[in-house]
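In the part that follows, the structures are each spelled out as structure tokens.
In what follows, chain A forms one complex with chain B and a second complex with chain C.
Up next, the complex of A and B:
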């Protein structure tokens, strides 16, 4: 049995995002990282590998620079690296999900770990969408996962609270921030990862039909500037602030 | 443009969440007729009373006893009519909307904050550091952000039809580890009060709970608070790796305002920050900042807020 982990490269969360000519200016972004929730998915995938999964496959879809995510994954234990290469600056959910589903099928994995939400899109569409397309089960907001024979148990935040669940067959797990400590690669891991080959595949090589885009990006804009806030000294000002909350802001 | 619109209702604590009326408001602004699907049957009587709803479908079945997004969406999908499907952008709403979209081959766009004929939508990306405008072709599935659309009024008299479904469940719940708090969830409340490491120790959060109970708010926390103190559950964490909240009022107490915290709350309508350090970055995005300790501020805040709210 193999485990696939979906990793997306996003601007580091400390990066400043600026808009120029109705697009986010990528050239101004100096640091790109694995999307934070995907790091938890990766960590959990390594833990599954340590408890007996045969192969850990890391998959990313993105431009050339995204291969860095795969090398990082290799440095902490990924066995196989698949990079679906594209320069598209925007993909609708249908296109991205059919690409990733096809890459997962290619990997032969029936357990898939990904982030609950990417730090750039903030969507949370991909995990459940890919599960639907593949006909897999889906468990969202997972913080812990373990394997017992052919069954997988996970802790997730369900609609009624924190629960322990169990799934038998093929499944996509979307990860939330967990209690687990993320491991750092050691020197040997880093050296080995540099030598690990990456299977770079063009979208056209996947042999899937991509229809015309169903969502198009019109523009990026900067969020509206907030008027400068009002600052008060000392707790004595609270009465004034409370009346402003009522009369100015109308929120109470 | 007139088209059939299907809304999947949002439920919290067995009754209809206010975002459902907001979805009806958003739908009515661009088309109709509007039908509402109530998964598990919850809230169907309330949904029928929302003005502008022409039909309510209450879907009942064993599969709604526990949560399995694929089973739920499989049970719901056959009852969807029309070219536009709306859900809320709660965690559950996002999962159901994506699963339904993928099953139908529709595109899905999450967490929209505006919707125009056409269809064009806006949504925030990079944790609120930018906004994107998208054009979506119909048919499609959209999830809407709470408190972004004018709710439809009460006053409808839609017919309710009840259907029974049976659907295979593949996610087995073995054990409930912690019940969702009796308290209001941060992602759902109109007012959120969050405490940070500046609260000093976890038992001091009781002051925030008391204030929250007084004014009907939810209590949140920074990651430093969640990570440092076992008593503060992860479900309370606001921020990039916690929850994104968009209340009308966000009150940050003893929180410095790290960029990852801002990522989860910067889209709140109004922000009030209480911090003893006048240089704390949180003041940079606060509409109202009070430079004081929580020890002095919380009692005064409680006194004045409850006085005003009981007027």
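Up next, the complex of A and C:
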């Protein structure tokens, strides 16, 4: 049995984002990282591997720079690395889901872990979309996962509290930030990762039919700048502050 | 905001992917574990044991050594590790320098096969901590005149004497101690708990407060015969260790300087005086541009030296120049940064005063600034001026 983890490379959450023309200026982004929820998926995938899964396959879809995600995954324990190369600056969710499903089929894995949403697009459609294309079950917002024989139990945040779910067959699990501590790669892992080959595959090589995308990206716009704060001093301004809090901020 | 290290000449693009990854692992660790806790550690005068465990876990100890569980990295990677650790605190870098360059290295280069197998893997993983005993109360810059001595008693060696200013001393499981056997300097491995060996801590430091500094006292200390380092005699032993440590310091100093530069830049941009950010005044800009200039030169020096270490074309004088120059510039930058911070510069809310105080030690240990001047003076003129005797 193999487990696949889907990793997306996104601008680091601390990176400064600027828009130039109608697109985010990628050349101004100094740090790219694995999307944070995907990191929790990766951590859990390593835990599954430690409890007996045969193979951990890391899969990413993105430009050349995204291969760094795979090397990072290898440095903490991924066995096989698959990179679906594309230079598209925007990809329709359905298109991406077909590509990833095909890569997962190629990997032969029937357990798939990914973040519940990506930190850049926040669309949250990849996990469920891939599950429906592959005909797998899907459990969302998982924080913990464990394996007992062929059964997997997952803990997720439900409406009324924590839910424990048991799954028997092929399944996609999407991950939320949990209590688990992410492990940091060590030098030995990094040196071994360097030697691990990455299977780079062009979209055309996947041999899948991709229909024309139904959605397209028109433009990126920066959020409006916040107006500067207002400052009031002395007891004399209490009345103005109270009226502003009541009438403008609507908080009292 | 993520920490953005000053890299004006894009040294980053010269690094390999794994060098960058290793640097980032250490950088993130420093950000998460050192920066939030360093002031407490300094106040209490401790080197937290979790730091030892984490550093061991990251696998960065003895970075350039190969085999026996050591990482076998490039000298550039070793330098980057030092740079990031010292961006956190010189005391943390000192811990790693002593362990890797001053204790693991001599065992790796001059030790017997049994010694290597016994100590190196457990030192690389951080399980065992080492210290390096060269300096004595009366012999600092001229260790050649040391008085600590070893006697061959047939079944064992007997050590007598004292070492001072020994980093990691009190927390060490083993010490590489340099002592005279029949008048010749030799290296010995002394273990914690050996009869007649104690390592009391030296208190009251205003510098490297999160690093442990100790005396090593040998009073009829008995050690087994197999604890001598078989393959080196004379000052070459300790000096070859110092070469590696000094190389690491030349990178470490860059890290401390980068930290002081960043703090000065941010502070100058946000501090308003006379109605304008102080960063808008020419005198302040002059200071910032001087820092940028000196750090950039120091980085290039350290980077190039790393390449020379890797291909084996270096000479010790080049290491002297890099250690001396980079620590000097870092100390000057720390002082200047402290100045830019005004009164705030003396607070522990900013890293600058801590770096400044730390760098005073770094200027002195591993060959004082002026001892390196004398090494270069001898290289230039062919005339030694350490001593008046011919």
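In this section, the second predicted complex is superposed on the first by the 236 of 252 C-alpha atoms of A that agree within 3 Å, B and C clash if a C-alpha of one lies under 4 Å from a C-alpha of the other, contacts with A are read in each partner's own complex, and residues count from 1 in each chain.
Operating definition for what follows: contacts are C-beta pairs under 8 Å (C-beta built on N, C-alpha and C of every residue); 3 or more make two chains touch, one makes a residue touch a chain.
As the structure is a computational prediction, the values presented were derived from the model and not from experiment.
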Chain C versus chain B on the shared chain A, clash or fit after superposition: fit
Touched partner set for A:143, first chain B, second chain C, both or neither: first
Vertex chain A angle, Cα centres of chain C and chain B, expressed to the nearest 10 degrees: 120
Which of chain B and chain C A:14 touches, first, second, both or neither: both
Partner chain(s) touched by A:218 [first = chain B, second = chain C, both, neither]: first
First (chain B), second (chain C), both or neither touched by A:160: first
First, second, both or neither for A:71, with chain B first and chain C second: second
Partner chain in contact with A:195 - chain B first, chain C second, else both or neither: neither
Touched partner set for A:30, first chain B, second chain C, both or neither: second
First (chain B), second (chain C), both or neither touched by A:185: second
Per-residue touch tally on chain A - higher for chain B or for chain C: B
After superposition on chain A, the shortest CA separation from chain B to chain C (Å): 7
Overlapping contact positions on chain A, where the chain C interface meets the chain B interface: 14, 16
Chain C-touching residues of chain A, taken from the complex the two chains share: 12, 14-16, 30-31, 68, 71-72, 75, 184-191, 193-194
Chain B - residues contacting chain A, complex: 66-70, 73, 91-92, 94-99, 101-103, 105-111, 120, 123-137, 140, 170-181, 190-191, 215, 234-235, 237, 240-242, 244, 248-249, 259-260, 263, 269-272, 278, 283-293, 296-297, 300-301, 304-305, 308-309
Touch list for chain A against partner chain B, complex: 11, 13-14, 16-17, 19, 24, 36-37, 92-94, 97, 116, 119-133, 136-141, 143, 153, 155, 157-169, 171, 176-177, 179, 214-223, 226-227, 229-239, 241-246, 249, 251-252
Chain C - residues contacting chain A, complex: 1-2, 4, 17-18, 21-22, 25, 28-29, 57-60, 63, 71-73
